[in-house]
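See the structures that follow.
Each of the two complexes below includes chain A, the first together with chain B, the second together with chain C.
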Partner chain A sequence: MIAWLTSKRGAPYLFMAPVFVFAVFLFVGPLLFAATISFTDWEGVTAPRWVGLHNYTYLLIHDGFFLTSVWNTLVFAAGSVIVGVPLALIAAALISQSRYQSVWRTIYWLPMITNIVAVAYIWRYILNDTSGLLNRTLDVFGLGGPDWLTSTSTAMLSVIMVASWMSIGQNVLVFLSGLAEIDESYYEAARLDGANPLQLFWHVTIPLLRPTIVFVLITSLINALSAFVLMLILTEGGPARSTTVTGLYLYDMAFTDLRLGRASAAAYILFALIFVISLVQLRLLRRGSVEGA
Partner chain B sequence: MQPMRAIVLTVAKYAALGFGSFVMVFPFLDMFLGALRTPAERLAIPMVYWPHDPQWHNFVRVFTELPMLTWFANSVIVTVAITTIQMVTSTMAGYALAKYRFFGSRLLLNAVLGAQMFPFFLLIIPIFFLLRFVPLAGGNDLFGQGGSGLLNSYAAMILPFAVTWYGIFLMRQSFMAVPDEIIDAARMDGAGEFRIFATVALPLIKPGLATLAIFVFIYQWNEVIWTMTVTRTAPELQTIPVGIYLLRGAFVDQSTLSLQQAAVCVSILPIMVVFLLLQRSYIRGLTAGGVKG
Partner chain C sequence: MKTVGVRIPAGLRVVAALAGIAFGAASASPQPITTIRVATHYNAEQFAPMRACFREYEAQHPGIRIVHSQISYQDYLQTVLIARAGKSPVDIYSLYSIWAPQLIGTGALDVPPADIARFVRAGYAPATIDAATMKGHLWGIPTEVSVYQLVYNKVLFAAAGIHAPPRTLDDLARTAAAITRKNRQGNILVGGFAFDLSGANVTHTFYSEMYAAGVAPYTADMRHTNLRKPAAAMILGKQVDLFRRGVTSNSVLAGDFAGGGIGMAVMANWMKDTLRTSLGSRFEATVGVAPIPSDGRGGTMIYSFFWGVDAASRVKRPAWDLLRWLNSPRGKDGGLSCTGAMLDGMGDLTGNRSDLAAMRASIADPFSQQYVAALRAPGAVSQPNIWHASEADRVLKYYIELAWSGRMSPAAALAAADTDITAILSEQP
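So, the complex of A and B:
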């Protein structure tokens, strides 16, 4: 046995062994465990009670808040893509035409290496109604800012802004590597035709960067759909649960209310939603890259 | 193009990038200034923005009045342990997938790629409860009942991150660049499979190893949601960001709010230094191996 494991035939299995063990106990096992308890009523102490599809039907039909949380998730995801991706594209386009590229890139990357508790607290102070930097700046221009984090009409917008600030570096980096692959001759040709920088961006950069743009849109949307830690720390889902996304709702359901069966069902519903959205987007990506080619 | 117009465009470009950089960097400074304000300055209406009498001792208080040294030690222990373990598991599995053709290797590679689709929120609940029911750990009996299992231990904080699919994939990509001839030559010389891996192949992918190590280190140093979930009732195990967050009820008056802001600054500083020193390898890994937030 040992001789086989150290031979050329057996060695790869030995090299993979830690991953096999991990996959069984900390990946596939837990996923199956969660799937199983999603069909039960379980508070974590006594034996789970089988309830069939009840958790799923409860969440989708009777739970007054679950669908609202899904709506909040979609609003957050769409919002952070609409706000974050164009800003990242503009920043990357400007950086790629500038000197000291690595300095700019580092500056825009700083929030990416900052822990999320720090990000949330930094913005809590800045978005504070009376003493916060943002409203004080707006006051200087004679504009009264709202109570960003504690008003139901602006809390989600605030979370979207903070999330975009936090992750812009990621997308800037991807856009920069996409831009670096665009051949300079396209720009030369367009310039000879008398195109100005804005036209170059619109008619040369955007079409040639299309595969990268689609990739960034997909990854940003998927990441945003499963995000919830920022809301947990920045707003605790409030005010009036206006920033409670599904991930946060099910986290509280599990670890505050100890409704583990229902929370697992919620997790699988959210996963199914993300899965379907990814498949739809992948189809669009394929079509996009064929057209782009 | 007319020189006047070119100058205007250049100025506009750097002005836009400069404004963006201000938005990226100033929030950090806002937190720093908050840490230095006196309670009277905080309470003034409007709040005194630039501290006249900087309270530098707030940074000392972070270490004397908060368990910052414990948090710091925990952050170091857990982050170093996870980084080390992941280096081992990722390089071994990545090597097997890159340099051997064995039964199931194609399937395993696809499994590693496919596993990245499962978001972490799906695993939090089941892994938490599976760790609680580990037999004969933390006061549990043979059937995993009665105690807290592996919860409230370094093992609980480390195990779920012992393997990452992204790490395996990144290492596989690195090993693909190692020529088969070198490995075959070592085999001809009679070297064992593990010896070839450790002494021939590994030294050839040093840049890739550095990238993975920095990437994992920064990611784990900033990890919040899992650590918070398993150490909520174990203050002696909390890491810096988790400790600051879970102690939020203690920061109530103007003096302790400055203390909180100082603690947040301290939580960012070590990783900022690591990043600025090693960013070259870090950024290269992000652009080479695809994207993961």
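So, the complex of A and C:
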């Protein structure tokens, strides 16, 4: 055995063993465990009782809120991608033209390295309806001030705004590295043809940056579909659960109500949703991008 | 839990003695140490009087060691259940009564010995005994009891020309409208009435109003709700009116009371300490307490905590003895018990009659007197210990908030809540 492990054929497996063990115990194992208990009514204390597909049918048919939480998840994910990704792209394009790139990169990166609890609390103060900075500023211009975080009409929008602000730094960095890869000769040729800055951006930058855009879109969407900590701290999922996404709902199910079986089923449904959406997105976007790059 | 026998081998003692190591009393008389572990949600400052009592008990009972651990209130039930699953339960718990059904369902609680049951039945208010009684058994010794009343700001009332607290729900709406002030953006600066989205305030206010209307939120067998009753829809409808009139909103919080941000809110008696600390010398001139406004016979909701002992504890009898000592009057002339001293320090009330008598001086103020009167009134009813109560409360809160936001009618919201909660209640063994 030792001889085989130290041979040319065995050595790679020996070196891979730590990663393999890590993956089995911390990734594959919990996944299989969660899959198993999703077919039980286990609450973490007594022995699990096999209930077949009951947890899945309960969530999809009988639960008064689960499908709404899925809808909230989709709205949040779509909103944060639609708002956050273009903002990051524009910011990256502007930074790439500026003289102090490292300063701008640092500024945009700051939200990413700030603790999410601190971020949420700061935004709670900014978005307060009577004393918040945003409404006080709107008041100076004679504008009305919505009840940003505690109205069912605006709470999700507020969460999307904050999430987009938080993620902008990471996406800016990715876009900047993509922009740096674009050869200057493309821009020179376009300029010789009379292209203005907007045309350069639209007809040169965007097509050549497509692989990066696809990567950012997919990773942002996956992150947004599984996000819940920001809502937990910023709005506690309210009001009227209007900001309760599936991740937050299943967190409460598992750790507040100790319905570990049902929460595991919810997690698998969420996993299936993310998987299908990512697959569709990849198929739709990769033509001429990842494959064509 | 565990009895730890600290027995030092004779050979080792000889070696230690030769080495000049002082073993102290333990080596001289190797008495077994019985450790009793106590878990509460009280923080170190609140629990200080109890710690002093623990040290006194240890001094009186050599061989007993008492260890206290604090568990977050939010995670208390989950922590207890998981600790039991991990075979490391504590011996004594301080339990919110609504946690009991799940603990009893998993066989986690010990039934008190007959002498402890007699001690409780002889010395505690019936409502608090009811709260600690499930499935025909008493499960522990009642401790903290909280009751809800309407708390109002006398200064804001006077400024609005109002001289008495509201008695009916329509009065409440009119009074709230007179107090409310908004900024030029239309947002509420001073709310006439505050619900509080945090914690259980939304549902507890609703339950209190239901009890005041003479309708219990749950049926006696605790397997169904009364949320489809017309009285429930009427109460929620009146709450919705407060939102429609613009005298409250989700951003108007009960916590703004001391800052003059709200005129009224339904609060529990334990808010006294917070309000007194915030308002200082202005406390009595600012804070008024009145019964829950109602169109019915009047009443309110009580919720309670009790001391319980883990069924798997290996020191059940010493644990019950300790609890009896902690809840008995101290001194010959019947002073506060240890538990009573802790509750008194927090401005809390208790179901322990002798403690309540000993607290006479500290509850002589108008604020406490109103709460004590409400506690003794026949309309004060203990929160029912339903199955998965916190989950049911969260479901009800969701539908109440949907009605407040106008997304569902009160009747439809309560019917949907009834469906979801009944499904939860149907799971109980």
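The criterion applied here is as follows: the second predicted complex is superposed on the first by the 264 of 293 C-alpha atoms of A that agree within 3 Å, B and C clash if a C-alpha of one lies under 4 Å from a C-alpha of the other, contacts with A are read in each partner's own complex, and residues count from 1 in each chain.
Here is the rule we use: contacts are C-beta pairs under 8 Å (C-beta built on N, C-alpha and C of every residue); 3 or more make two chains touch, one makes a residue touch a chain.
None of the values given here were measured: they were computed from a predicted structure.
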{"item": "Chain C versus chain B, contacts on chain A by residue", "value": "B"}
{"item": "First (chain B), second (chain C), both or neither touched by A:L209", "value": "neither"}
{"item": "Partner chain in contact with A:R241 - chain B first, chain C second, else both or neither", "value": "second"}
{"item": "Which superposed partner A:I160 touches (first chain B, second chain C, both, neither)", "value": "neither"}
{"item": "Touched partner set for A:L173, first chain B, second chain C, both or neither", "value": "first"}
{"item": "Touching partner for A:F255 - first (chain B), second (chain C), both, neither", "value": "both"}
{"item": "First (chain B), second (chain C), both or neither touched by A:I233", "value": "first"}
{"item": "Which of chain B and chain C A:V81 touches, first, second, both or neither", "value": "neither"}
{"item": "Which of chain B and chain C A:F65 touches, first, second, both or neither", "value": "second"}
{"item": "Partner chain(s) touched by A:I269 [first = chain B, second = chain C, both, neither]", "value": "neither"}
{"item": "Footprint overlap on chain A, comparing chain B with chain C", "value": "44, 130, 255"}
{"item": "Contacting residues of chain A [partner chain C, same complex]", "value": "43-46, 62, 64-65, 128-130, 135, 138-139, 143-145, 147, 149-152, 236, 238-241, 252, 255-258"}
{"item": "Chain C residues touching chain A - in the complex, by the definition given at the top", "value": "75, 78, 81-82, 84-85, 106, 183-189, 197-198, 249-251, 388, 390-391, 394-395, 398, 401-402, 404-405, 407, 416, 419-420, 423"}
{"item": "Residue numbers on chain B that touch chain A, as the complex places them", "value": "9, 13-14, 16-17, 20-21, 23-28, 30-31, 34, 42, 45-47, 49, 88-89, 92-93, 95-97, 100, 102, 105, 108, 115, 117-130, 132, 159-160, 162-163, 168, 187, 192-194, 197, 218, 221-222, 224-225, 229, 240-242, 244-245, 260-261, 264, 267-268, 271-272, 275-276, 279, 283, 286-287, 291, 293"}
{"item": "In the complex, chain A residues that touch chain B", "value": "6-9, 11-16, 18-19, 22-23, 25-27, 29-31, 33-34, 37, 44, 90-91, 94-95, 97-98, 104-111, 113-118, 121-123, 125-126, 130-131, 133, 136, 165, 167-168, 170, 173-174, 177, 197, 219, 223, 226, 228-229, 232-233, 247, 250-251, 254-255, 260, 263-264, 267-268, 270-271, 274-275, 278"}
